[in-house]
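Two complexes, one shared chain (subunit A), two partners (subunit B, subunit C).
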Partner chain A sequence: MIAEFTWLIPFIPMMCFLMIGIFGRKTPEKGGYIAIAGALLSFLIALAISIEYLGSDEFANGIAIESSIRWFEIGDYTLNLGYYVDGLTCVMMLFSSFISTLIFIYSIGYMHDQGERKNRYYAEVSLFLTGMLGLIVSSNFLELFIFWEVMGLCSYLLIGFWSFRHDNGDEASANAASAAKKAFLVTRMGDVCLMGGLFIFLNLFHSLDYSAMFESVEAVAAANPGLFTLALCLMFGGVIGKSAQFPLHDWLPDAMAGPTTVSSLIHAATMVKAGVYLVARGFPLYVQDVNVMLFVAIIGGITAFIAATMALNNMNIKKVLAYSTISQLGYMILSLGAGGYLWALGYEELGALGFFAGCFHMMNHAFFKALLFMGSGSVIHGCGTEDMRLMGGLFKKMKITATTMLFGCLAIAGIPIFSGFWSKDLVIDTAMNAFNNGADGAAIWFLILWLLAVITAFMTAFYMFRMWFMTFMGEPRENAQHCHGESPKTMTTPLIILAGFALVSGLFMFFGLTDMLAFEGEAIDGVEHGIELFTNPFTYMTIILAILGIGIAYMMYVKKTMDPGKFNKNGESWLYIALTKRWWFPDLYNQISWKLGYGVAKGVNYIDRQIVDGTVNGLSSAVVGGGDVMSKVQTGHVQDYSSVVLFGVSVLSVLILVTFALLGGF
Partner chain B sequence: MSMILSSLILVPLIGAIIALFMGGSREAYSKYVAIGFSAITLIIATLLMLGIFGDFADLGESFVWIDTSAFIMNYALSVDGLSILMVFLTALLCLLVNVFSLDEHRENNNYFYALIMAMEVGLMGVYMAADYFLFYIMWEVTLIPMYFMISWYGGPRRHYSAIKFFIYTHVASLVMLIGIFAMGYESVAAGGVVDFSFEAIKNGIGAVAVETQSLIFALLFFGFMVKMPSVPFHTWLPDAHTEAPTEGSVLLAGVMLKMGSYGIIRICIEALPEAAAYWQWVIIAIALVSIIYGAYGCIAQTDLKKMVAFSSISHMGMVMLGIGCLSDAGITFAVFQMFAHGLITAMLFMVCGMTGHKVGTREIPLLGGLAGKMPIYATFMMIAFMASLGLPGLVGFWGEFPVIMAFYEFILDNDVIWMLLFCMLSLMLTAGYYLWAMQRTLFGPETKKIDLSKAHDVGHYEFAVLLVLAILVALFGVWPDGALQFIDDYVDLLAFTGVI
Partner chain C sequence: MAADIISSIFGDMTPLAAMIFLLIGALIMPAVQMFGKKHTVTWCVALLMVILSFVTDVILLTNDVEATYLGVKLNTYTTLMSMLFLIVLFLVVLVSNVSTETTKNHAGAYYALLFGATLGMLFVASSSSLLTIFVGVELTSISSYALVALKRKDGRASEAAVKYAIIGGMSTALTLYGISMIYGIAGSLEINDLANYVTFNDFTWMFGVGLICMIAGYGFKIAAVPFHMWAPDVYEGAATPVSMFLATGSKKMGLAVFIQVFMAMFIISATAGSIFGLTVQYIFAIIAAITMTVGNVVAIAQPNIKRMLAYSSIAQAGYILIILAVMTPQAEAAGIFHMFTHVFMKGGAFLIVGGLICAGIGEKISDYKGLAKRSPFLAAAMMLFLFSLAGIPPLAGFTSKFFLFASAVGTPGAADGTWIWLAFIAILNSAISLYYYARVVKAMYIEKGETTEKIKIPTIFTVAIVVCLVFVIVLGVYPDLIFGYCEQATEFLL
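Moving on, here comes the complex of A and B:
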């Protein structure tokens, strides 16, 4: 049984973190090769375990392999440490470790000029990977939460990687420092909610082990519906924070202050995927409550839409990608929400389809988003800016980067054959299914969500190709002219591999992926649903919308036959300003944290100094009599010290009298 | 009768006396005396904890000290699962503080080390005492060296802070003394001989009316809560910390504040369980106010050390919250939080104290970008801050999560589940002030408001000490059972005797 060694999967990167931290400085690339070796080894073990599990009887019967040991007790509740392997675990750990390996290889090229800092970088990314892999193989929610927080710490460290001594000067350092803090605090808000959810679950289930909870979930949910719903909502709060869902989405664009490889890691292989994973992992719990599932779907749909709007007019290549990540995460959450909604209503096959679509999109997105980010990193590496207005015409200079990124754009835009098409259309399909089968009143929500999802698909195609055209087509502008050609092989090889996945990973659904991502044994027929997509008129509609989006982008940014200025009144229209201001979310956050945090703190401090402490000082002077006792005793004269003693004695006598009077001693 | 427990008091006492008389030409060697004797103490404490001397519960010592016709005072020491962790923590921090101070030069070193060792005597006495009088005497013994520590080796406003510290906590201990007297005389029939040993009073007090017990509880509790400190009787703490030397702050926050919570558990809860149930809501309220108020206080501070001082108020509030739940889990993890906070806060004060020495100021608005200049210092600061804000995997989390879990069960039973919001708010605020402080001190552009040219990274001794603490913080973070095994025994006993 190789599965017994599942614990090695997070343990190896952990050891790499320690090794790089302790003596990485002395190794070539400051520990880069250790990090790559660790990630690769983890991937290979994950692969071996997956192969073994997929061939086992457990998999055939839809049972997970799990094992855990006692850790310690909180009162009557025993907490365990262990691993839990099922199809979802396999998919997650495979793509996380695989993509991380590629990102680490890419880092060798991308970070080559960072000198001593590389040591810190490789140590931190290894710990990051530990967090993600640990979270995936955990056997209970508390263990998951611990790794969840470890990832939060790493994202803080890595987003703030340049928070001091930034190459671009002081302002950039200050920006990075502020972005790192924002990322940590905003996700922390979600984490605190998640912790609240765990308290309730631990109390309800007397355990946080997946197997124990999933077994008794129906009885518990029926016995305590109110608390159960509250716990689910709180748990989803954690997802909102971590997976950057509305309204806590705003930290993710700021997180672009970190190195591009880190963005790639956060967006593709780790971090934000953790939130989606939590919903998928907790799906047996979620499907108990149909209203929570509706709520989840609504949050997902709004997020997908809002984030896509903000990507429409952004000039920063990384920020466009950041918004697209939020938007795609919205799709995943929407799909899980709608699927769970259907399942809760008893439509098991459609529910399982939604579950599959969400997880499937998560996997596809991991491949193409890693590709897009690393491609943008290659562009930034080549021309030293993130501003697309300074790029252009790079196709001739960076053929590999441009072609691979084109694959990524086609995938995310949902052009057939490319991976994004399959999963995205299944997501949109699920929203439609939920509308068709939903209960009265709630069903209309899904029509709106479906509409939002379709519009989002159109916007996605537009802004992704806007990005691609602005970067690679047209006349080379300022920085593009100084571009020194294609990036080194360490950077382009991962791009080529990922481009391959962006092309084919969607086809996995025809080759057994549906069995791995089955929910409660309800595996959908991948071939049937894949073919069904082409009999559905709505599929053709989204394809046409995507092509239309690409076409408009082409007219605007290559042919220049359409002037974008006409639509936004040259940047004066309120909509344009609203988008640039990110719908005023950052201002809202600032106001809230400033008023509720610093404002109240100022008040508390004033009360503390003037009233609480003032009373004490005033009281002591009054008892000793005359003047400020504190200034007196500073003189050090003996009679002043004696006044202190006198004070003590007088207080003592009064208290003795009072006490004994109360006790009836006299 | 074995003398192991007494040796934990005697060894530092001898060290203190020797160091005291090493003036003049021998002054330079006083530090080695202090390190030597505190190291021996730590070895004894560790062996004791590991059970090398046999079960430490059997090592109790007791003989009559003063016997008058009206009362008996004993020299009685004992150690159980509750005190062993505190004893270990005291021995550990005293040694670490002595080593830590090697990187710094000061006048009259011998007095400095004598004061540290004298403090160790008092602390050991408090944590091992099994007699109310011995407990009270030792309690006062800790007070005096700390007073001199602040007023001789402190910052510019040291006299004010020292005297404030002294009066404030002294008044509180006088109130506690009244409580002790009341307890003693109430626990025997009129005219009987009062035996001040813990055992005797515990046996006698049960028969007393609950109203009387509640009054005694209030007196004792007041004495302890000032020491912890709890809002609104906390204002001596930020002042004392701002002025105290780093070593003093570490001992003050690391082990001295725990005397308060130790007293609450050992005396208020153990001997007066019915009164504790009577005051439960008051304890909870004080705890919640301390947690939130302390956290808000942190945000407003501009002095790093003062911020950490306020965070102590908040975190000791967490201890109080655990105690206030009066449940198995609550008390277990309140004790764990005492231990965790001792380790973390020692790191915090060392790092913040170092800021003052190495950069010249602890004012956050004047700092910035120190991570580039002092990377090792920055790493330790980050570890300490992260541990203190309750990052899972580090020890602080296990002082926080289970306590709130225990509190959740309490509010669930009382149908006030919205009170969970307070805890969530406090977790947010804690993350907020630490992250904000880090952003302003470690990151961003390097400050130009002060001269950083002389700033240097941590010294060898400081590094060693911080490393030991960081390892312990991580070790007990992944292996909380290491400390919990002791606490569990104690709490099981409490549950067995029907206290909780």
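Moving on, here comes the complex of A and C:
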């Protein structure tokens, strides 16, 4: 049984983290090779475990392999540590560790001239990988939460990695610092919700083990419908934070301030996928409540649409990819929500199809998004800027990067054969199914969501090709002229491998992936559904829309027969401004978090210190230097402190009587 | 084996064993200073007495010895709490000799006062009557006032000490007033009798006012809002090792009083669901919610790290007060465990602040800019302590908060789920707290300092910090190391 060694999967990167931290400085590339070896080893173990599990009787019967040891007990709650392997775990751990390995290899080239700081980089990415892999193999929600937080912590350090980049503390490093903090604090808002949800689940189930919870979920949900729904919503709050869903999506574009390798790690292989994974993992819980599933689907649809609009006019190559990440994550959440909705209504096959589509899109997205990010990293490496207005015509200088990125763009745009086509069309199909079969009243929502998803598909094709054309076609502009050619082999090889996956990973659904991503044993027929796509007129519609999007991008940015200035009134139309302002979300955040939060803190501090101190300022300035300890008080007046104490006693005395009366004591 | 040796030496007085070492220490320290030529000698003797007392206590704890001598009890609870106070004392004494803030000319008096204060704490933990608890608390308080004043050449310290003494005196008066009222009604000072009284008698307004006076008086010790205003001034003004002693030791004594007095008094009636008990639970729930919220919110606006830690410790007291609202043995165990983890994480943070002051770094958060470059170890340790305080897994602060909040969510009493709202306020507060902790981490790791010159702090500080760090990590992943004892200790509440 190799599965007994599942714990090694997160443990090996953890050891790498320690090794790199302790003596990584003395090794070549400051620990880079250790990180690669660790990630590769984790991948190989994950592969061996997957092969074994897929051939086992457990898999044939749809049972997970699980093993836990008792961690601690509080009262009658027992909390465990352990691993849980089923089809979903296998898929997740395979693509996470595989892509991470490629990203680490790529980092050797990309981070080459970072000197001593590489050591910190490789240590942190190893710990980051520990977080993700640990989260995937966890056997209960508490363990998942712990790794979830470990990842949050590392993302904070990694996004802020380049705050030291320029010695004179310029704007870029200031951005890195505030982006890191924003990512940390915003996702933390989600984490708080998740933790609250877990506490309620602990109260309801008296355990957080997947197996125990999934077994008794129907009875528990029926017994406490209110609390159960609340807990589900709170848990989804964690997903909104981590997977950058509306309205907490805004940290993700800022997080681009980190090194591009970190972006591809966070956005393709790990972190943001954790939120989607949480929904998929908790699917047996979610499907108990049809309204929560509708809510999930709506959030996903809105996110997909809003993020896509913001990508339309962005000039920063990484920001475009960041918005597309949010948008694609919205697709996954939409699919899981719509699928769960159908399942909750009793349409088990259609529900399982939605579940499959969401997870399938997560996997495909991991491949093509890692490819796109690393491709953009290669471009940035070559021309030293992220601004697409300074690029152009790079196709001649960077043939491999350009070609591989073209594969990525075709995949995300949903052109047939490429991976994104299969999963995205299944997602859109699921929204349509939910409309056709939904309950009155709710079904109309799915029509809107379907429409949003289709428009998003069109926008995706447009902005991705806008990016590709602006970067690789046309006349070389400023920085592109100084570009020193193709990136080193360590960087291009991962690109070529991932381009291969962007081409073929969609076809996995014809070769048994559907069995691995089956929900509660309800495996859909991949071949049948794959072929069915071509009998569905809507599929042709989305293909045409995608081609139309590409065509418009071509006309605007290559042929120049259409002038983008006409549409945005040369950057002065309100829509254009709204998009550059990101629909004012950052401003909103600032108002809430900074003005309100800090203002309240200041205000409370003021009351705490000043109001009660009364005339302190006048008094103290009168006796400064007098050395009179009794009255010279720079922070507070002792008499006033005493009055507060007495005031407190009076209030509490009244309060105890009132409380007693309210509780019916008199 | 070792326990037999202790009982053969101390005989009937075994319950006093750990205290006797402290008493001897307190008495001989001035003399040692007078005859010893070097401060280091005084320090070594002080350290020796702490270790003797600590070892005695740990032996008694691990052997589950139970005894009583003249009303002074010895059981798992008392030894566990004593161990907590002795750990604090050990850490404080350890760094006192090298800290540039503590006075060397009065080293004898300084150690004697520290021992006196800790003696009071141990006495409180072993008492079961309002009067003896009162005496113990006063012993600690009066020693602490003097300790705060003992700082080298700093006007702020004497000012803080005077403030502390005046407000302290007032709270003592309130406590005594409350005790006398309760004695007048219930006719006893023994907690057991009082617990019987509240179980079988109706609520009277006079008992209520007496209770509030006591809550206010002892609320001062734990800096519960609105009796907290002295804390930031005093923590800022005192020498950092003394601030640490107050924040981790003295405050825990106050919490021990809350457990031994209020929890012991009301746990029976609360479990039975009487309105009297429920009223008191609600009062504590309100105090807990306000305390943690005010502590966390005000901490955001603090530019001085010692003041920030002071407010954060007010907030931590608020978290622990949850157990008095929940009133279950499970909550009590969680509370005691949180006290332990708090000692290590808050103590560690104060140690770093103190160590950096020795190295000439200021107390402002802005002084910590670029610390990660100047001292990677200190920055990493500080980050772990702060994140542990914020409750980020897998550190000790997460585990203990998890226990605390879980106990609030699942009270297996008559009113299941009554306190979920309190747990939510607490979770929200943890999120707020992250904001100001992250500010320090940001200054250390992300912002750029004026210089990258390496920092060297005294080795002893590093040792003490490593001790705290080890426990912050170990208690996070292996809570059973202490949590088992915490659960055992709850059996001796009454």
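We adopt the following convention: the second predicted complex is superposed on the first by the 605 of 666 C-alpha atoms of A that agree within 3 Å, B and C clash if a C-alpha of one lies under 4 Å from a C-alpha of the other, contacts with A are read in each partner's own complex, and residues count from 1 in each chain.
We take it that contacts are C-beta pairs under 8 Å (C-beta built on N, C-alpha and C of every residue); 3 or more make two chains touch, one makes a residue touch a chain.
This is a predicted model, so every value here is computed, not measured.
Touch criterion met: A:E149 reaches subunit B and subunit C at once. Touch criterion met: A:R188 reaches subunit B and subunit C at once.
Using the contact criterion defined above for the overlaid structures, shared-chain residue A:G196 touches subunit B and also reaches subunit C.
Judged by the touch definition given at the top, the superposed model places A:I20 against neither subunit B nor subunit C.
Once chain A of one complex is fitted onto chain A of the other, the partner contacts of A:L426 are absent, as it touches neither subunit B nor subunit C.
Using the contact criterion defined above for the overlaid structures, shared-chain residue A:D76 touches subunit B and also reaches subunit C. Common to the subunit B and subunit C interfaces on subunit A are residues 72, 74-76, 145-146, 149-150, 153, 156, 160, 163-164, 173, 176-177, 180-181, 184-185, 188-189, 192, 195-196, 199-200, 202-203, 227, 597-598, 600-602, 604-605, 608, 612, 630, 633-634, 636, 644, 647-648, 651-652, 655-656, 659-660, 663, 665. By the touch criterion given at the top, residues 155-156, 158-159, 162-163, 166-167, 170-171, 174, 203, 205, 208-209, 211-213, 215-216, 219-220, 225-227, 229-230, 232-233, 236, 275-276, 278-280, 282-283, 286-287, 294, 297-302, 328, 330, 333-334, 387, 392-394, 398-399, 402-403, 405-407, 409-410, 412, 417, 420, 423-424, 427-428, 430-432, 434-435, 438, 441-442, 445-448, 479-480, 483 of subunit C touch subunit A in their complex.
Within the complex formed with subunit B, the subunit A residues making contact are 71-76, 145-146, 149-150, 153, 156, 160, 163-165, 170-171, 173-174, 176-178, 180-181, 184-185, 188-189, 192-193, 195-196, 199-200, 202-203, 227, 230, 593, 597-598, 600-602, 604-605, 608, 612-613, 616, 620, 630-631, 633-634, 636, 644, 647-648, 651-652, 655-656, 659-660, 662-663, 665. Subunit A meets subunit C in the complex at residues 72, 74-77, 142, 145-146, 149-150, 152-153, 156-157, 160, 163-164, 167, 169, 173, 176-177, 180-181, 184-185, 188-189, 191-192, 195-196, 199-200, 202-203, 206, 227, 597-598, 600-602, 604-605, 608, 612, 627, 629-630, 632-636, 638, 641-642, 644-645, 647-649, 651-653, 655-657, 659-660, 663-665.
Remark: subunit B residues 159-160, 163-164, 166-168, 170-171, 174-175, 177-178, 182, 185-186, 212, 215, 219, 231-232, 234-235, 293, 296-301, 327-329, 332-333, 369-372, 386, 391-393, 397, 401-402, 404-406, 408-409, 412, 417, 420, 424, 427-429, 431-432, 435-436, 438-439, 442-446, 480-481, 484, 488 touch subunit A in the complex.
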